[in-house]
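Below, subunit A partners subunit B and then partners subunit C, in two separate complexes.
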Partner chain A sequence: MRIAGIDIGSRTVKLAVLEDGQLILSRNTMTSYNPLATAQELMGDAVFDVITATGYGRHLIKGHLDCPVISEITAFARGARFFSSDCRSILDIGGQDTKAISLDQEGNLRKFEMNDKCAAGTGRFLEVMATALGFTIEEFSKAGLSAGKAVKINSTCTVFAESEVVSLTAQGAARDEVALGIHKAIVSRSIGLLKKVAVPGEIFFAGGVAYNDCVRVLLEKEMGQPVFVPSDPQIVGAVGAALSSL
Partner chain B sequence: MADYTKMWSELGLDLEGHNALLSILGSAYGDIFLSQKNRPEGMKYFDFVMSEVHGLRIQELMEAKAQRRIVVGSYCVFVPEELILAVDGVSVGLCAGAEFNFEGAEEVLPRNTCALIKSAFGFKLGKVCPYLEASDVVVGENTCDGKKKSYEILAPMVKDLYVMDLPQMKTDMGRTFLKEEYRRFMAKLERVSGKKITPESLKMGIEIVNAKRAAVKRLAAIRAADPAPISGLDALLVNQVFFYDDPVRFTHSVNQLCDELEERVKNGIGVSAPETTRVLVSGCPMAVPNWKLPMLIESSNAVIVGEESCVGERGVRWLTESKDGTVEDLLDAITARYFSIDCAVFTPNPSRVEYVKEMAKKLNAQGVIHYSLQFCQPYIVESGPVEKELEHASIPTLRLETDYSQEDAGQLKTRIEAFIERLEKK
Partner chain C sequence: MQAAMAAVPPLIENAQIADPVRRFLEYVLNKREQGNPVVGVYCGYAPVELIRAMGAVPVSLCSASQWTIPAAEAILPANLCPMIKSSFGFIRTNACFFYAASDAVIGETTCDGKKKMFELIAHLKPTFIMDLPQLPDDTEVLDRWRKSVLKLQGFLEKTLQTSLSADRLEAEIRETNRKNRLMDRFFAYLACRPIPVSWREIYDVITLEHVANGDEFQDLIEKISSSIDQRIALGQCFGTFSSPRILVSGCPVGGDACKVLQIIEEAGGVVVAMEACSGMKNYFVRITEESSDPLRAVAESTLSIPCSCMTPNRRRLDLLDKMIARFSPDAVIDVVLHACHAYNVESHKIRKHVQKKHGLPCLKIETDYSKGDIEQIRTRVEALFENLELKK
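Up next is the complex of A and B:
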């Protein structure tokens, strides 16, 4: 049987199809003003028997496909175990949410924490900050990694931090050092959530921000725990949704 | 609803704002309450009360006033209704549950004030709470710092603001202090009403309020059944109407509802399927029309089976010992009753979490959702240790912090659904 999961996130829509325990299809695209159309386009010719929806657009899809829905938190909990069969602590930094999740030994959801209702310290925050510094996302992460020291950024609010960055660069602060400061700010905020729930051992790092090496390196250093990033960190929620179709 | 325009104008309400409020309230009520499935017949009475909450009930208050009975408005379960009834007064809860005119409230209060306080000011400044306008005395009580300081600002806006001080520790001195505050309140009531409190009138007040609380306690106990015979939303509504309605009529209606619910339990009839995930809500009070959280929970494959809240168990849990004796004896009994309330303003407050555990067990709740109003320090600070203690006792707990706005509904829904999914696995 082919099981599918669709994760309608704030920035991207992801589709995963599994067969016999193997991920056989993985797609993603940017979310538009019409997430339903985007999701339908993404599903396109994909062949599957059952599908489960997750992500902030899950209820919208449910109205059209009449499919089951699960929360992103449960989806990440299940999906993480697909990539790392014994993981207990999960950090997901997506477009507008940060989630820290812990699992019990059997992989059941134990505790979770989420960021407040704004996008402070999420993927969207990094995007805006990179743009403010004139970097692409890739350059931004590299700049952070190469900086010798960091300029302290006090705010993880996207709006406040942007004006903070503008005034820092106006004062002549080095761009790389500001970049590192921004990465540190997002990591320290994520750790605030993670420390409330994490258990010792490896941290499974998912969501689009997990592609960012600078965040991963800082996270490992600050938590003092190894951090594992799966090959496709963005698909974890969709895989988890697919697995819950069973 | 009949035309109450004349009465509302005479009370000094802003008719335009008030009509807007009623129309929002009416449509929210339809969406949230009337759309529920398998509602008990007995809820029709409460639907009627809600449809007339600013109409017929206010007319009754005006009639009471015409008979020289005083109307006493309050915001807290520490204000003893027994004493108000003992001077033949009418006790009403005041509007503080809706995001109405927060712009106006923020002109006189800091933005970082809890929604309940802001709402009380929004209603006052917008002139849309007929209960407040009909009150001869408004009782403010020093529970939290936010309320305490804001009463200083409210004082010049209302006819007669009476501030009641409250102890913060459960010591002998605290108890004596509470008793003296209640004695001072009795004198105030006697002065305003021109009536003397006698052992007979006080005993009658105690008995009326005891019967009212006993009826709601009966309702609470019935909710232990699976399938749940009544939704959490409807049960919350009963607890909310508790503060507005005529106490004797209310008691009768709740008991009638309970008769029906007991019949339902006998026949295995419920509002949701058997084995639906059961949640206990604990924390801050939910004043009318604050239905946001219960609605989100009950639209996520779960049913609420209890409220450990002032609008709920904390308001009705204790009865006052009714005995023959002097006014002094009865005042002691009243003090003992109210001094038991385990509000988070007390420090330390260990009995609260113990009772949350007991409730979860009694009501067969699988998990607890702890609800704090943003900027409500007593409950937010207490929520950390409460969560820890409940999880330690193997009661899964989700802590939520929110206000009256709808902007975080999506984020709350995600957390609630994930929590329910966690409970379903068990």
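Up next is the complex of A and C:
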């Protein structure tokens, strides 16, 4: 049987199809102003027997496909175990949410914490900050990693931090050092959530921000725990949704 | 699953049942026409028995609407409790009928935000600030609080041109106890699984208590009980045997904050108990009858209310223990209004207590009266319910 999961997030829509415990299809695209149409386009010719939806657009899809839905928290808890069979602490930094989740040994949800309604310190925050500094996302991460020291950024509110960055560059602060400061700010905010739930051992890092090496390296250093990033960190929620179709 | 309830007849046949505010408004208008003064209060620490014993009608001035917050934020900081902002906004825009109708206003020093807000409105009406003790278990605190209540008596006697008799106060004490015992009969239905009453109906019955005297309330409770008995006989209920049963604790949850209760319902859960002062907390209080000092009895009963403004607030944990034992929830959802530091800090203790002592999951939701975080709250509530399902 082919099981599918669709994760309609704030920035991207992800589709995963599994067969016999193997991930056979993985697709993602940017979320548009019409997430339903985007999701339908993404599903396109994909063949599957059952599908489960997760992410912010889950109820929208439910109304259309009449499929089951699960929350992103349960989806990430399930999906993480697919990529790392014994992981117990999960950090997901997506487009507008940061989630920290811990599991018990059997993989059941133990605790979770989520950021409040604003997108402070999430993927969207990094995008806006990179643009403010004239970097692409890839350059932004590299700049952070190469900086010798960081300029302190006090705000993780996207709006406030952007003004702060503008002020700092106006004062002549080095671009790389500001980049590192921004990465540190996002990491310290995530750690605030993670420390409330995490257990010792490896941290499973998922979501689009997990592609950012600078965030991963800082996270490892600050938490003092190894951080594991799966090959496709964005697909974890969709895989978790697919697994719950069983 | 809960849409099926549309066919269930309402608890009380009353054209105004859908609008408790209007019912309350009419009640206050009638009372005023009959010559009864109106006294505005901000919380349960104001002794309503004292107010009623002077022939006055106590009305709550706490508001929970997003609508007046922009007007309030022209003066108050944005990072303040939404209940304080909403209440102040109503007064500032002259939109609060209950405030306009009040002949006197009582402010209780439950938190810094309220205390300072009272300073901004005190010139508008005769206002009395009750200096609330914060250490309810300390020796001599009751004597001090009794003095505050006595001072309030003096203020009301002067402002309302009336006087208090010990007999009238004693009669009001009996009346409160009687109504609280009647309310307890209604609360007993909330222990049923599945539950035959919705959260909206719990609030409806609570509003009815405010507009009824003991005899009227007795009559209402008889009718409500027989309606519920009939529902049970017909198998009409909210949710199913396995719907997650939720105890909602924390800050008052009224008006626009009811979005949390609505989300619980939409996610397939049922609210079986509401701990907050907007819910059931105040009805568990009993006042000592036939004492030599009824003023002290009233002071003692109000001081026993387990609000997070008290420290340490051991009584709230005791109350939760009793409520959990009686209503058997599957999880506790602790609602904290933005910038309510006392309930926010206490939430950690509540979560630990609920998890360790009762083995129940506890979810904290920090919110305000805006609609902006509905989907974020939904994700958390659904995750909580999915996890309860897995454990079954």
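One rule holds in what follows: the second predicted complex is superposed on the first by the 246 of 246 C-alpha atoms of A that agree within 3 Å, B and C clash if a C-alpha of one lies under 4 Å from a C-alpha of the other, contacts with A are read in each partner's own complex, and residues count from 1 in each chain.
We adopt the following convention: a residue touches a chain if its C-beta (ideal position, glycine included) is under 8 Å from a C-beta of that chain, and two chains touch if they have at least 3 such contacts.
All figures in this text were calculated on a predicted structure; none of them were measured in a lab.
Trainee: Subunit A superposed: clash or fit between subunit B and subunit C?
Mentor: Superposition result for subunit B and subunit C: clash.
Trainee: Of the partners subunit B and subunit C, which touch A:Glu72 in the superposed model: first, second, both, neither?
Mentor: A:Glu72: touches subunit B and subunit C.
Trainee: Just checking: does A:Gln40 make contact with subunit B only, subunit C only, both, or neither of them? Give me first, second, both or neither.
Mentor: Neither: A:Gln40 stays clear of subunit B and subunit C.
Trainee: On the A-aligned overlay, A:Met114 touches which partner chain: subunit B = first, subunit C = second, or both, or neither?
Mentor: Both partners, subunit B and subunit C.
Trainee: Once chain A of both complexes is superposed, is A:Ser155 in touch with subunit B (first), subunit C (second), both, or neither?
Mentor: Neither partner.
Trainee: So in the superposed three-chain picture, is A:Ser188 touching just subunit B, just subunit C, both, or none of them (first/second/both/neither)?
Mentor: Once the two structures are laid over each other on A, A:Ser188 reaches no partner at all.
Trainee: Of the residues on subunit A, which ones does subunit B touch that subunit C also touches?
Mentor: On subunit A, the overlap between the subunit B and subunit C contacts is residues 56, 70-74, 97, 108-109, 112, 114, 116-117.
Trainee: Over in the complex, which subunit C residues touch subunit A? Could you list them?
Mentor: 366, 372-373, 375-376, 379-380, 382-383, 386-387, 390-391
Trainee: Can you name the residues of subunit B that touch subunit A in the complex?
Mentor: 391, 407-408, 410-411, 414-415, 417-418, 421-422, 425
Trainee: So in the complex, which bits of subunit A are touching subunit C?
Mentor: Going through subunit A, the ones touching subunit C are 56, 69-74, 97, 108-109, 112, 114, 116-117.
Trainee: Using the touch rule from the top, collect the residues of subunit A that touch subunit B in their complex.
Mentor: Going by the criterion above, the answer is residues 56, 70-74, 97, 108-112, 114, 116-117.
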